[in-house]
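Next up: the structures, one after another.
Note that chain A is present in both complexes that follow, paired respectively with chain B and with chain C.
Presenting the complex of A and B:
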């Protein structure tokens, strides 16, 4: 167990840890899991729509992944980083026009009805493709799903679709919901969206708004002897400081998704009976990115963008803003991604003199007041760290004669200002890398995206070579060739800097020593917890 | 309608001698007051609703912007959501629709909860009321008692100690006081739970549940109540200092009444009246204070709901909450005025309602 309790110092070793973690098999667990018990954990937000097939987001998965299962889950040691769930195997045709799933036998919905391929077909065609936030992109060419028998589902695509992409999308995008519940009435208004019915190890119990969600054991679960826990209670703790106090007071046993602020971890790791765990989020990497509005003539000049990149001390950011719980970034794919990452890209060392020289070269000389020009800087308010980095960036820019004015908004206002109104020069954003660049990464730099699409290129950047690369990769079926194209993509982004990748981070869990089988897959917090147990 | 105007006009124009008779009928005055207030309140509520609506519209971003923060999505999905939530209509249309529904006593549907707003609010209202009433009782009760204690001997050590102590509490930010109470009583001593309204998923009923809720509310009520304690304490003390100088106190002393009796029956009683007024005014501030306290102690109340409604740009929900709070404040102030009508015969319905 002690192997998981890391100190801040070991974490400072930084990227190596993040890198190694994906390759590391789950260490041997000495104890045999115990049955029974109630796990109480902190929830900091209350998603209203709990249907993960419609809303594929970590906030929803955190709760609903225990109730509604996907075809496959991410895994540290499985083939292609996957472990079977509702599907036992998946096979892509060479022409990229079909994918065949063999489904698990003997699986029942929580209401007792059998799970079949019809449910998979219904979920894919009626929900993932037309309604799901991410599925609308990945499954856009899905034409039909054949169900030759109850345990086989064949996805047919109208255009060749890389099997690698579909595979990488399975853990987050393939939540299967029951057809017999959803075929009546409008899917968006179905009561099961608030009280989900699935095949997972836990059933939805009740939701008391502002207080808790209660999940109860599914006694009919397909996993042998699973689940171990009787109940999971998500206690709603809206205040940032509550989770730490609740852990100390032993009112909760687990706080995931960095519910305990980074600044408290050092102290909390010394509390007897509590452990700090940074594993189990490798598949949920957030990227700290400087978004750039290329409509500003100064920022349209690549020399200015390079100067800004040189002005940022990434190591300092990792050490100070993230207190070591992060890694520096080199480009648009995080270092801990096992498939696509390449280190072979131009890098920008922290070098103020060089930054100043580049700006001089670009023709923006310092004025009498020491300033070259002014910029509006909008840090995203969703994380403490994005706000703090905003403060840092303002100072870093001041050092090279760029006067940045901070504009602080709340979430809704920030989204509108940056992605709809384009009322920014620089913004700090935390895009998520979801295991494949085609899911939510390439749209950060691609041109031709309509206004108001959040977390996309709204900076007016257009690079034909990059666009061509992205579109070629989206049609390349061979996994190796496709991976190479995305390596090319990383190089091009790091060269032309449509945006600046500063750091990559994930979340931290704090748990009581009694909670077992924590962090045993790369998306642990949003996986089904069938094997999670309590020692006493 | 005519009766109301007549009554009001009469009250105002009657001579002192005739009005004396109405002292004996506080009930009548109370009823006049209620009628008069109801009519005035409708305008107040209308202003509150329209004002809040416009303010929220002026805030950048709408419910869809707030929603996609956690999901992302493409242009088609965003359009779909705006249409489903009726956000593609003009502001004026939405305001008109809202007012029309309100006329039928329909608060509408919350976009974030996908539930009728009435249900969402009714679920939280009791918690906030409980918190507010208990905290008010604490600050008013303890505040005035300590005020009497301090004011009985103006300038004494206990007077100064209490005045300074309560002021210090008043100066402390609510969330800090809350956090300190948590650290001491919930984390270190573990006497009380750190938050929530009751034990989670415990299925307690009856007295057990009442006791459970009381234990959970102990810290939030203390945090909210102690902040406003100073207000009542100082007001009571100042009121008493003033009354001490009045002739009837001298008369009472001359009669040879005990100091205790003078303090309680004559001085304190007369100094109490302004505190009752304060009670009404304070209710609005308490509601504001509960936003912070509810967040710190994870109490599922209206204040926290309002905060969430603003963050998620759920305009109809926020309007519903503001409307509920406005009604609450109006009712409390009405009750205070009625109490006045009973407590102080000098105050007629005319003055109190004006």
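Presenting the complex of A and C:
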């Protein structure tokens, strides 16, 4: 309860700060943030490459989003779910061949040089399009970027590209890095990849391997009075259980990205001075998915896939594996997505009898030992929850006479086994929904993807109708028509079940009461924290 | 009979024997007392022990019966421990006997191989082996690092035995050297090698638990190491999930060790007296 009221207060204060950041007077009722202080928080991984323009991943953003800014950030109440950062406005042409960005004036790089449209053009053409893991798809048709003046950048596309897609990609894919630093030498080897230089509210201080990252206040930041904090220290705590004890011992003030295990949250929420916050990750939804190898003749039969879907008790998974910190899924777009989600899809209620009947119908009768056939099940090792769901799925399949043998691998071996060698029958994967199905969702079911592309359709699934739908949506410029196509896409996926979506979850933050303006945007943990403050 | 009486007179040995007997009883009765899959979901998740008498030791994070898992885990621990120790003893005794009896180049080659295995910590060896070939050959992985001890002891014993008169006698009547080695020498070299077995079984059970703890065990079988590892995530809220299999592991290793020591002592006393 206390978590809810506090996060509502911070939400209100947060939206006030967003208004303030767009140069409007802050309403008097907002709690005034205090200046100064050092925020110490837990970091569970130590990315070596900190360049978010090349590696667009949450682990990198967690640290570098404070240093390197994007053109726009996700927002709870902004138009199209966006708030301006380095760009003040963005406009797509009706023919889908260009997008015009008006940039913020008076922004300086951390080394004192002015930020201009040339930096945006350089980042887009030299880094996002050729080098970035996600930008390669979204910006594949970007032909050139015109810079009529220092504060205007016009993206020109060789083929019509939906403006809705570009807009949705801005928060994660549009990190702008300085041209004058990166134009010398090879971009991948630039020292600024490990000690980034940006326009953000914090400058890169130092990194001690195995100990901490230190960011310091950027006194020249464009935001009025921002940032409030003097320093941010990322304390490296790779062991999950240590984050909770460090919070209790007041060694750290914040543990984001579920650094505190779900099972400990109930206990820790009762510790005075600590609050548990489940907001601030709406734009970073993970999906719990059963990946299916359609090369197995049993699994190529849609009846078998339906039977498996009926055998999974999604409510049990949410309640037991995720301890309630998740939602059941209906299809490939998560329920909390404001633009694309539709509930109008076939659903598969938990019904063991029906699952058994479907398998009988498909011709796979139970043998003398009660088994119909055996499968190899590979749960992804990245999260405790994916592994536990693997244990659960084995039991759920045993109830319908499918003998699943678990195979545990480390991360590298799992990626090789599933996405390169296809040595699986079922796999449990946690793909991320990134605000638009075209960014990283459609490749999970699309055919014709080369081998060994991780987190893509490597199950040999091919559905011409679905492929046609995906390619049509990629050329549809009108946002409403495009959204409708993706609703149809969800329906088709839920009908034919190329994969089974089980649940959707995101992360939990635990913070001391003194940390203000937490979770005030849908990507808070990976946003710039210019307005975050400490009360004492 | 007197050996048994002497064995029963040492209290540690008796305690060890009782622990071992309980463990064996658990392993044998697992399928009778808890038929079906011990990993099946049996009740509400994270039920503490002694709340519901149908699930006396409570349930884990998915609602699986901890007591059933404990019984079936005893079976895995014992099976893997004994199999790995047996493999290590057989390989060790054979290699040691060959090296000691043949001498010369064969001895040099076999002992250098033994040295090579001995210089790598046995747990690292098991870890590397399992991560390459997968968890199905866990027994081999554990035996890989433990056969060197028996090999060295067997060789030392053989070196002294091969000079005895009855070995010379066997040579004179024209027995094949291999027959002498394995029929005449090996049986007499065995007692000190077997004395190591309790330590090896205990080490094998611990190694198996450690491999499972690191997620390198067979996920389709219940293991105590795996149970401890799963319980670690909820150590603060449900410590019993790690403590219960932990205690079982400690008692097992202790039981094997004490019983083994008792046997060694009994036989040593008898030899000393004779």
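Criterion: the second predicted complex is superposed on the first by the 507 of 536 C-alpha atoms of A that agree within 3 Å, B and C clash if a C-alpha of one lies under 4 Å from a C-alpha of the other, contacts with A are read in each partner's own complex, and residues count from 1 in each chain.
One rule holds in what follows: a contact is a pair of C-beta atoms (placed from the backbone, for glycine too) under 8 Å apart; a residue touches a chain by one contact, two chains touch by 3 or more.
If you're wondering where the values come from, they're calculated on a predicted model, not measured in any experiment.
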Query raised in the report: So, on chain A, is it clash or fit between chain B and chain C?
Result: fit
Query raised in the report: Counting only touches as set out at the top, which of chain B and chain C does A:57 meet: first, second, both, neither?
Result: first
Query raised in the report: When the two structures are overlaid on chain A, which partner does A:518 contact: first (chain B), second (chain C), both, or neither?
Result: neither
Requested in this report: Look at A:242 in the shared chain and tell me whether it touches chain B only, chain C only, both, or neither; answer first, second, both or neither.
Outcome: first
Query raised in the report: In the superposed arrangement, does A:136 touch chain B (first), chain C (second), both or neither?
Result: first
Query raised in the report: Taking the superposition as given, does A:251 touch the first partner, chain B, the second, chain C, both, or neither?
Result: first
Query raised in the report: Which of the two partners, first being chain B and second being chain C, lies in contact with A:438: first, second, both, or neither?
Result: neither
Query raised in the report: A:417 contacts which: chain B (first), chain C (second), both, neither?
Result: first
**Report entry** Dominant toucher of chain A (residue count), chain B or chain C
**Finding:** B
Query raised in the report: After superposition on the shared chain, which partner residues are touched by A:233: those of chain B (first), chain C (second), both, or neither?
Result: first
Query - Minimum C-alpha separation between chain B and chain C after superposing on chain A, in Å - result: 5
Query - chain C-contacting residues of chain A that also contact chain B - result: 241, 410
Report summary line: Per the touch rule, the chain A residues reaching chain C in their complex are 240-241, 244, 261, 263-264, 266-267, 320-321, 381, 384, 388, 390-392, 394-395, 398, 405-408, 410
Requested in this report: Show which residues of chain A lie in contact with chain B when the two form their complex.
Outcome: 40, 45, 47-49, 55-59, 131, 133-134, 136-137, 188-189, 193-194, 205-206, 208-212, 214, 231, 233, 235-239, 241-242, 245-246, 248-249, 251, 382, 409-417, 420-421, 440, 449-455
Query raised in the report: Across the complex, what residues on chain C touch chain A?
Result: 37, 39-41, 45-46, 61-63, 131, 134-135, 215-216, 219-220, 232-238
Query raised in the report: Given the complex with chain A, which residues does chain B contribute to the contact?
Result: 59-63, 65-66, 68-78, 84, 112-114, 120, 123-124, 179, 182-183, 186-187, 190, 193-197, 200-201, 295-296, 298-301, 304-305, 311-313
